[in-house]
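Everything on this sheet refers to the single structure shown next.
Labels A, B, C, D and E are assigned to the chains in the order they are written; within every chain, residues are numbered from 1.
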Amino acid sequence: QSEETIKFGLCFDLSKSYTFVTPQVAQAAQDLAMYTNDNGGIEGHPIEIIVRDHGNEPQRGVECYEQLKRDGVFIFNFMSTPVTNAVLPRAMNDENILMQSFVGRGDAVDGEVFEWVFPVGPTYWQQAANDVAFIKDQLDGDLSDAKIGFIYLDYPFGQEPIEILRTLSEREGFELELYPVPLPGSDQSSAWSSIRRDQPDYVISWLLAGGHVVASKEMRRNRFPIDRYIAVNWFNEVDISNIGAEEATGILRGTNVAGGQEVPIVRLMLDTYYADGNGSGPESLVRDVYYNTGMAMFSTAFEAARIAVAEDGWPLTPESMKTAYESLSGFDGDGVMAPVTVTPEDHGGGGKTRIEQWDGENWVPLTDWSADYLDIVWEVIKESSESFSVE
Amino acid sequence: MDWIFLSELAINGALTGLLYSLFAIGLVLIYKASSVPNLAQAGLTMVGAYVVLALARDLGLPLWLAIPIGAVIMFGLGFGIERVALRRLAGRPVVMILMMTLGLDIFLRGTTLAIWGGTSRSMELGVSYDPLFLGDIFISRIHVVGAAVAIGLFVAFMLFFRTRTGIKLRAIADDYMASWSVGISVERGVGLSWALASVVAMAAGVIWGEIQGVDQALSLLLLKGLTVAVLGGLDSILGAVVAGILLGIIENVGADFLDPLVGGGSRELIVAAVLILTVMIRPHGLFGRHDIERV
Amino acid sequence: MFYRLSGVHHANYVSDSRIFKVPADRNLAVFVLLFGLAAPFIVPSLYLNSYMLPWLIWTAAALGLNLVTGWAGQLHLGYAAVMAVGAYASIHAARFGIPWEFALIIGGLASSVIGSLFAFAALRVKGLYLALTTLAMQFVMDWVLTHSPAITGGSHASLQSPTLALLGQDITSDTGYYYVAFGWCVLVTIFMLNLKRTGLGRALVAVREKDFAAAILGVNSFYYKILAFATSSFIAGVSGALLVATFFFLAAPEQFSVAVSIQVLAMVIVGGLGSIIGSYLGVALILLVPGIVNGIVSGGSQSLGMQINVETLAHIPNAVYGALIVIILLIEPLGLGKLYGNIRDYLMVWPFDQLRK
Amino acid sequence: MTDKRETKSHADDGAILACSGIERRFGGIVAVTGVDFVIHPKEIFGLVGPNGSGKTTLTNAITGFYPPNVGTVRLAGNDITGTAPHKVAKLGVARTFQNLALFNGMSVLDNILLGRHIHMNPGVLRTALYWWAAQREEIENRKVVEEVIEFLQLESIRHEMVDGLPIGLKKRVELARALVAEPQMLILDEPMAGMNQEEKGYMSRFILDARAERGVSVLLIEHHMDVIIGICDRMLALNYGEMIASGIPREVVKDPRVIEAYVGGAHD
Amino acid sequence: MQDKVEAQPILSMNSVEVLYDNVMLAIKGVSVQVPKGEMIALLGSNGAGKSTTLKAISGLLKAERGRVSRGEIKFEGTDITDMLAQNRVAQGICHVIEGRRVFEHLTPEENLTAAAPSGMSRSALNVEKEKIYNYFPRLAERRNSLSGYLSGGEQQMLAIGRALVTQPKLLMLDEPSLGLAPFLVAEIFGILQKINKEDGMSVLLVEQNALAALEIVSEGYLIENGRVVMNGTAEALKANSDIQEFYLGAGEGTDFHNVKHYSRRKRWLS
């Protein structure tokens, strides 16, 4: 019986740096697995979600990987850049599937180099490029006189988009101003004083969790219009409530998933399980965009598994899973995310994002799902992935 | 040279610096009263913020009630820590005590988060975020409030260390054995210093919580707090205040010059450099006591 | 019963200065050594690879830190940064085509050089102040690593390690990795054991205890402090390089962060300052306990059918980890090594109560 | 400071230790000033003075801990003024400390072995290759140490940790540690503080024997006047950092200035 | 010996045993009585257990991981064997510990303040301080400089002064003459005698300097190897030939050149 299950290994950082997102994602995975299992599993095979904590320590991440590997897991998700990096060479060697949406190295979307890595969703590079495209749109298609500020956590996560932004600023002729903020992002006063002085048209923000809250306070103090602030996708309801729903009105967010509870699949979970208190965790976590993020990640994975078993039959293998992933086309998890089309070359699925605005109660999409500057982004990806080679 | 901008950087730096002082005063208190370098101060700060939050949000108490009750709880916690963890290590080498406080820090953080979860929560003190103007200079109100608290605590503790109890605490820091021999209750003294430091930690936690939200990032204040404490002289309350202001200014103004040169993030570098330079050039800091060492 | 001092007489100085004076100790050491050699054939590969291998490498590293903290008495909170230097230097050297044997030595030497910079702080200050300085230096190193793509390998700050090869042999199997780690750990251990009975070890302890008294015996404390830092940094560097070459296969700054420095220090102190067996035990405890507690807690809550919040579950091991440090320091401030010693002493006189001249 | 080459002065010819015009200040405090004296080979030289008169400071000036601000120290004719303590040790000066400076984490044997440090050559590689490099040296030095252990009757506590020993034995271990270095000059700072008459007797015996058998010269600081009178050949009395009398002990103690500043009405 | 003491002793210690670290038996059945208002000396060679005896009385053993494993200690009739150190001080026992451990970073003035009992009023404290400065005029001169920089003798005076602030009924001193110049020893002993006479304070004095000690005390105990081997009046002790040989010396003219290499063993040890 137990050989019959499909196991997903979630080695998450549930206790250190990524706790703002991992509980929601884990809960989404468990809910979705429960729902799938209640409805006959994947072609009759139940899904098992195994959650472990690695505390964002590479050491423990590797341990978790090896242990779950022995237990027969070959689809992994680590939700941490350092741990994903630490496990990457092993997973590539062992030819195991690494789900890597939204974290880890951006060039991993290059399926030709990172054959076993599936960062379905936009890379940070693509997301930043899409943000620039949005600004260009707002400024009537011309960026040559524009000034764009980039406020970021001074740490690999925040530094990631700098290169692409530089390239774009050369291409489009806008002025790029960088405002690094030291970890953990709580001290931004001098950055915003400079922003007030420089008066950029828009500020793109690569901050996390509390960082947005601090930024909103600084914006008020420095009288910077909040509707010129484009947050990275890591910006959720908790942050909104910490800022104050009213105060946050007008703030922008680049995102790759549809937020809110009216997304069909989220509604389904609420109605099926949470209405009777049978969810895998507290309902409060469901009312969070990161829950939707988790739904997006795992509905894609489950869909890939379904295709794999349907096409190649049982047992599911890393190879069949990989092939199935690479055959996903226009999949959008019933509206929870941007439609993705994964190919052997592009494991990212197209990199579509959209810009949403908080209207005081809800996120309102301002644009459609789209991906811009693909050529430039891929140039950077190729350049970077070239330097990686598994030996 | 943009003088207005520079003075704004300096003033805001000084205010932020005073908030570091708020944190550092707790360190200094314990060091002054028991020669223990307390690396658990960050953990205590977190606990303090969460306790107040739990009282205010989960129990629905008004802030003016939650804060004093929180203070009482923290006071008790401080005594408890001395009783359980430090009493047995009295007189042991500094390494062990250092490790003990580090262990305590990890324990306090783990426990707090296991109880309340890691999601960032906001501390609403009701301080407005509209800027305060000083000529053309923008100043943040919450920072002014924090600075006022820091200075208030500074005055209170300066007076405290002149009282007989204060002198006894300093005596304890000098020599446990001699203190016992003249009937000073070392345990109670050290406990008192931890209790007071815990209350100070709560004050820091509440103010910082309002500024950056209540989550484990609060524990990252440790390096800055330590730098301030060392720069001021580990056993000098006045030092903690002056050094806080200094560090705040150096950091804020320095980073503005350096960031464009080194590609960002020079703040931590500046803090680390200040710490290293202080220790190398003037280990006892600006106002700290000198070691009396004789061959 | 097994341990007996009576009947053991040392007839000459060679035997009086043996590493293990009690035959039972010697036998135990031989047994452990044999077990270590046979491990790949006995221990399942999961345990070999994800527990024993890191345990051995971290033990070697911890022994290095023990040299500088336990023996020479210099608090060091920047040890992970020194390991990072060795790791990056070795990997760059190996990527450059230098044979691994030399690449490891280059890594060790690079660490020695940078590690000796830490020693200059130690020449001026001690105790708490030194701890803080080294901590600050760790922050500086962290900053340098995250801000120099040239060192850390591009914007992802991760650097792929080439395949390890020693003596012309490519090493790619778990067994191979294990033996490399084992060999290194044995080398470091032998060095540390010898340290206990030579002038160098005594000089280091002298510097730790009272540097002015050491000076009047002709011990140049500057020199020995630097020597201690350089040697321990060399061990750190090679250990760091091996950690990447046999375990992570890829170096990233997070593998050598402040938290890691604190962790190594915890290993050494929980194990017992200056205790070699203590370092083995301390590393085992600090490295393995969070994972074990995690397993127990999640396993336990599942089998009891409790619905505990994942976050709560995740933080409990941390609380336990902290509590463990506190508890061990409370039970025996001198660490696990002393605890082991107590048990051993007890066995030595068993079944009698206490033996006192 | 004078050049090391031309330091042979006529007056000190043959002297093992010669101090001239030593002055040492701490901030505003002048701890020692204008002190001149010589110690001849195989001489036991006493140094007395009230507390804070600068006795310890003077020894610190000689051994390099607090180099003199003014004046020169010569050892067997060579200028050693301001030489670092570890180098002074290599040149043949050993000392004990007023407040005991044993290494608590070590056994008596290891403590004494440390006294041999200057005759050994420890290194990282030698330690790593113990059996091939360091073992012989360790054993040779151990033999020397055992001789001194026997001489000072410390056999029974050889392997004990020094922490738990009573002060008297600790002082003896410290003396052993100084003696194994085979110094020309031995400086003892209050070796008999806290000892009763019997123990003082033992200690005096050891000092006399050390001179007789090992030929060392001794600078002895003591508050026990009977010991000073009993075993010193010559002595010097300090007060407020200045010399107030020097010469044969029996005569110096009768000096009214010494009586006023130091001995007082009491006599023991 | 009981018959010699008219009044009830202020302190009586009966067959007390002390263990360090639970293994090391430091004193073995020591009994000592201190009559009210008297000065008593405790003599003995190194490591005999004198300091341990004092610590057992003052409760400072705990700080060194020692404990009283047998016997009882009574102070003014109440059993204090298990009392906390600070409570014993409040009861009126103060111990001037070995090695002049003054609070180095405090001024003499603050040292005295630190030792004041919590109940003492500010004016009472000032009176007390003046009294101490009267006993030790040298301290008054340096009352506001850091104690760490005082000379050895001054530190010893401060340590005694600090003990007096606690208003002890029994003052215990551990080798107050250690490392002090002869005239200072005389000065300090003189002052002790004066305090004893004027205030009627009982004193228990541990000394190596038996000659000086036996001059001022009325009675003495001799401890060897953790046991009391002899006790009697000062006169009786001074007359004892062993005491003369091992503790007093043959006066000024001891010829150390003639000390034998292996001297005769003490009678009481055989």
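Some observations on this one:
One rule holds in what follows: a residue touches a chain if its C-beta (ideal position, glycine included) is under 8 Å from a C-beta of that chain, and two chains touch if they have at least 3 such contacts.
Chain identities (UniProt): B, C = Branched-chain amino acid ABC transporter permease; D, E = ABC transporter ATP-binding protein.
Nothing here was measured: the structure is a model prediction, and the numbers come from that model.
Counting only chains that touch, the fewest steps needed to get from subunit A to subunit E is 2.
Under the touch definition stated at the top, subunit C and subunit E share these contacting partners: B, D. Greatest Cα centroid separation from subunit B: this falls to D. Ranking A-C and B-E by contacting C-beta pairs places A-C first.
Subunit E has its Cα centroid 31 Å from the Cα centroid of subunit D.
Note on chain placement: the centre of subunit B and the centre of subunit D lie 48 Å apart, centres being C-alpha means.
Averaged Cα coordinates give subunit A a centre that lies 36 Å from the centre of subunit B.
In subunit E, the positions touching at least two other chains are 24. Residues of subunit D in contact with two or more other chains: 65, 97. Contact of a single residue of subunit C with at least two other chains is seen at positions 146, 212, 309, 311, 315, 317-318. Per the touch definition, subunit D reaches subunit C in the complex via residues 63-65, 84-90, 93-95, 97, 101-106, 110, 113-118, 120-124, 126-128, 130, 134-135, 137-139, 142-143, 177, 181. Interface residues of subunit E facing subunit D in the complex, by the touch rule stated above, are 24, 43-48, 151-154, 175, 178-187, 208-212, 245-249, 252, 254-257, 259-261, 263. Remark: subunit A residues 15-16, 19-20, 23, 154-155, 159, 178, 180, 182-187, 189-190, 193-194, 196-197, 209-210, 213-214, 217, 220-223, 238-239, 241-242 touch subunit B in the complex. Against subunit C, in their complex, subunit B makes its touches with residues 37, 84-85, 88-89, 92, 94-96, 98-100, 102-111, 113-115, 117-119, 223, 226-227, 230, 234, 262-265, 268-269, 271-273, 275-276, 279-280, 283, 295.
On the side of subunit C, the complex with subunit B involves touching residues 69, 75, 121, 124-125, 127-133, 135-137, 139-140, 143, 146-147, 212, 262, 265-266, 269-270, 273, 309, 311-312, 315-326, 329-330, 333.
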